[in-house]
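One chain, chain A, links the two complexes that follow: it is found with chain B in the first and with chain C in the second.
Right after this comes the complex of A and B.
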């Protein structure tokens, strides 16, 4: 691009200095807030005051941050699920449905099994059952992909709609196992008390947050150091190389998709042992599965970064929602605009990490 | 080299008086991020001359050609046409000055006919195109320069050589006086190369000039009136026909003496390590490999020559255990290895360097360190510490040019990534792997890297490895192999000792005429 005799160019960087990994995301966040601020100003809200309130209610107040962590807990799991599959170039879009199935499976275990189990085993068994049903939900797409190369994008996405209708059927369409038999009001049957966790104090944060963060740390270490992590990275980079080295691509593909489904299922199970205690159609409104894909993309499929982006995302949502209750109520749409802006700028900021912006005078001098 | 001395070098071409160059570069400098691609380069082209611009990959020759044809603007310096400075703003502008470039990767529309491709982008076309007129014009230009082409043929169905002809006809049709050809022989079969040279001679007879941009010392040098050699962005010499011998040019290219003479084993070969007995591969009713028997002994290189697609890939994969043969026996170190899978074949003592180095032999986005552990036994955790030490030792020992051991292999040059691959397969597997299968190890590499790879293989032979060298480059097989076999349609049709090879017989066998 030329302005006068100044030429503005993007020049590819040969190496990206470390500080850029901090400056670019922070800069992107600032830009996103500026754009959000313009929206706020246009709609007659004071940008600075609104942001201060948003940050307070999403992050800095005790109540804000604990609400945020509560929402972030299953979001970390779906984010890990997406990151785990996507970094292998396996595009599991079905975290949403796998999460619903995790909710159904863990509720079943909580109702049918938990009563027969010793107290300390109830919660782990319920969580594991949720993870297992999440994995089962992705089994058919995974087999089709691993054996025949069928696109997992379409098959996992379509199963989301099946899962959604399954939940609706169990609660609204039938008087079956999952429905609360004690009332005619359509709601889920509560799981055994022994299979439920209590939140920290009067907050909405559950101990499951420790499991979620622990999983992120564990996966980060395991995929970096283990032979399994190594083989998946070779297969993701170059299937021919994996074949050359004698790796079993079918087995690897299958295992990655199944584990991704299990992580998403775990998100649903955490919702059951935590705040819900039952199959709750309320989960269908939140879209934590799809949000997990966004969180993973923002974190560039880095498991540790998933924790940060999930908390950021949850905080914007919590803070944004609570802005509706204030002296000058801000519609939830503004919070959504802000989320969209953060995502756009974060992805756009990549350009500046990979390239250097250069302004120079156009030289026309020629020496002959 | 200064312009004064380059004019002195031209003395034999023009007697007395001022020489009017068709095209010249004066002190051309072009920078890319982190690279000085052209550093005050001078270049002169006479009318009616065939001039080769020779240099290794990355020497800056393609950059210079791109500056001359108007694709790049030089940061400093000037381009002169018939002694007058021109400031080219685009390749189209270059064409208006009679300068055209044929790129290594053709820029044609597959679905268009030859005639449509040729006239594409031509400014002075009438509003209503009459296909038959265009076809006649195109055919006329093609015929004048001895370029047999059917103007009606669809470009998508043409061979690489024919597509190149379309590009050349296109340039000539649009009035090119100077033709720059980037690596023109890279994709051509030997008869096509000969035809290209006939065309070039027809063009120079008509007063046009041709510049070959090449990294190969072979055939292009033969028909050049002059060769200008570049290295590291600078011109290192300009040599007229007759004064150029391969060795001298190689030295100018690489900056040191290059040894490309044959290498044979110096010790008697020992016990047989790899043995194939009547091996065949039949798939979908087609024999990809049939009745191949041979053995490779410790301390020798057995070379397999042949035109690409005659079963080389299948043979390599069968030996490496990536495909199971449908008949016959393969043994390594006396143990039968049929169909036991590549991991077990490796355990039995095999190392394998595939033809496709980046994308099969190496994982391109992974680091040198990570690529070194690819074909080794790994426990639950991958030991990268040992691999890092090993990588650093290789980098030092084999002079692998890389910022560090954690650089992704795709960022390395072809020669350097090949060194990583060879190092892993030759040294990384330890003393256990004594059989080495190597496929086209120097394809696309420049002279210096070819020498390094050949030296490595020679040393591995001297260290007692049994090497099966499968290469489409006949010269390579003849340079290294103690025994030569020719593979034609999956069968061995010719065998000879390396020191007693009759090159003509091998050539005929490769063509299936023995």
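Right after this comes the complex of A and C.
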């Protein structure tokens, strides 16, 4: 880009200095707050006060952070699911649907199995069943991709709509197993009490948050240290090299997609053992599966960073929605603009971490 | 997925519960006592936005009426998803000191129940649900009365007698409305049939328009609908067919030739009455706090008529409306058969409210089916 006789160029950095990892995110947030602040000022809201409220309601107050962690728990899982697949260049867009299937599968286990299990086993079995059904939901796209190279983007995306209609069918379209038999109102049937977790104190944070964070740490460590982690990263960088080195590309592709689906399914199962306790069509309105892709991208597919970006995303949502609770309420649409600004600048900031900005004086050539 | 499922009341006494519950033992004395409105801190939680020109719009009109009447400002929360995630919103409201909290969508039921147990000094009122607690009440109303009247307009406007109906979910509220519409249409056009198309959505204009177009292609010349969007009307207008709206008649002017009428809601009187009761010290909650409005008390109305509803039909509708309001006529009066030929309401009998609120059959004349238990 040229401005006058200055040429502005982006030059890729070979290495990023450590300080940039701090300056870029902080600078991105500052930029987002400036842009958001202009928006707020134009619509008659005090920018500083509004941001203070957003941060208080989303992050720093006890109620705010515990609400945020509650929403972030399944989001960490869908974020890990997306990060796990995307970093292998396998674009599983189906976390949303796999999460619904996890909800269905875990509710099934919570109703049908939990009563026959010793108390300590109920929750783990229900969570595992949810993970399993999430993985099963991605089985067909995974096989098609691994065996025939069919685009997993399209197939996983389309299955989201099938999953959505499946939930609707179980709750609204039929009166079968998943529906509360005690009322003619369309409601999910509650799972066994033994398969439910209670939240910490009177907060909305559930013990599943520990599992979610533990998974992030475990994946970070395992994928760095294990042969499996090495093989998948070779496959991602160069499928031919992987093949030449004798790695089984089919097996690796299958396993990555299935495990990604299992993580997304686990998100749905955590919703069931935690706050919902049933197949709850309310989950269809929240979009935690699609948000997981955003969270993973923000985290640059780094498992540990997924935890942070999921909390950031959830807090912006919680805080943003509750900006409507104020003497000068901020409309939800402006709250969404603020969230968008933060996310956009956070992604955009990456450009400056990876590239160097060069400004050079150039000779003006006078054209006649 | 979305919103209201509605209705329901446990006992007939609950029907006019709002008026009846003032002295009830299940109501709570609250911090708002005193008769002045300064202590009222009111919030309403919407599933959508008032710009839907439908369900949420009508609630917002009612809230505006409440603000004007009491001289207060109500905090509105828009686009709050249903289900367990909404618990945080209600919890936040109560923690911020809001003491009268309305939720207008069915899926807020369990979250409101949970939060009402935690903040027993606050008053929670939930539209379309059926669960109550000492400080959680419900409100809804007999849209089926106006649905029946709108069916008369639809039946009279259809030369072929082939009507279509775009419907959200096969739940009692929607089924009740569809049946009332069909009974109204067949009261003036005994051979009329109503083909139903389920959309599994409350507000998805593109999907609802497709459903409407499918009905029109199948030969329907008049459409009714139970959705939050006006997409059915757009499809009808493009095809030159007549249609009956729902929730609101604010968009009637946009459909000069094809609009017939619409069952509409007027929530203002309920919101005002509930807030005044609460200000006077009682939360209209508990078993007796299950408000079910109707045409007689003005919660349910029939909207403005379009130019293609004849004076004759309008007169007939006015006559039936008067009979509904004075109690001499009820739409669900037997003999009524379901569409499989079984008698569901015997000759001369009037279906009790409890049956209506759990309705699980389609009346004769409806082409379609609902899931059975």
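We adopt the following convention: the second predicted complex is superposed on the first by the 344 of 368 C-alpha atoms of A that agree within 3 Å, B and C clash if a C-alpha of one lies under 4 Å from a C-alpha of the other, contacts with A are read in each partner's own complex, and residues count from 1 in each chain.
Just so it is clear, a contact is a pair of C-beta atoms (placed from the backbone, for glycine too) under 8 Å apart; a residue touches a chain by one contact, two chains touch by 3 or more.
As the structure is a prediction and not an experimental result, all values here were calculated from the model.
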| item | value |
| --- | --- |
| Contacts of A:332 with chain B and chain C, given as first, second, both or neither | second |
| Touched partner set for A:318, first chain B, second chain C, both or neither | second |
| First (chain B), second (chain C), both or neither touched by A:234 | first |
| Chain B versus chain C as contact partner of A:246, first or second or both or neither | first |
| Chain A: partner with more touched residues, chain B or chain C | C |
| Touched partner set for A:183, first chain B, second chain C, both or neither | second |
| Which of chain B and chain C A:226 touches, first, second, both or neither | first |
| Chain B versus chain C as contact partner of A:283, first or second or both or neither | second |
| First, second, both or neither for A:57, with chain B first and chain C second | second |
| Contact residues common to both interfaces of chain A (with chain B and with chain C) | none |
| Residues of chain A touching chain C in the complex | 57, 63, 67, 70-71, 165, 167-169, 172-175, 181, 183-186, 202, 204, 271, 274-276, 280-286, 318, 321-322, 324-326, 329, 331-332 |
| Sites on chain B touched by chain A in the complex | 26-27, 33-34, 75-78, 85, 87, 321-322, 341-343, 346, 352, 354, 356, 359-366, 370, 373-375, 378-382, 403 |
| Partner chain A, residues of chain C touching it in the complex | 1-2, 5, 8, 43, 49, 75-89, 91-93, 95-96, 98, 106-107, 118, 130, 169-172, 198, 200, 358-360, 371-373 |
| Contact footprint of chain B on chain A as seen in their complex | 11-15, 225-227, 229-230, 233-234, 237-238, 240-241, 243-246, 356, 363, 365-368 |
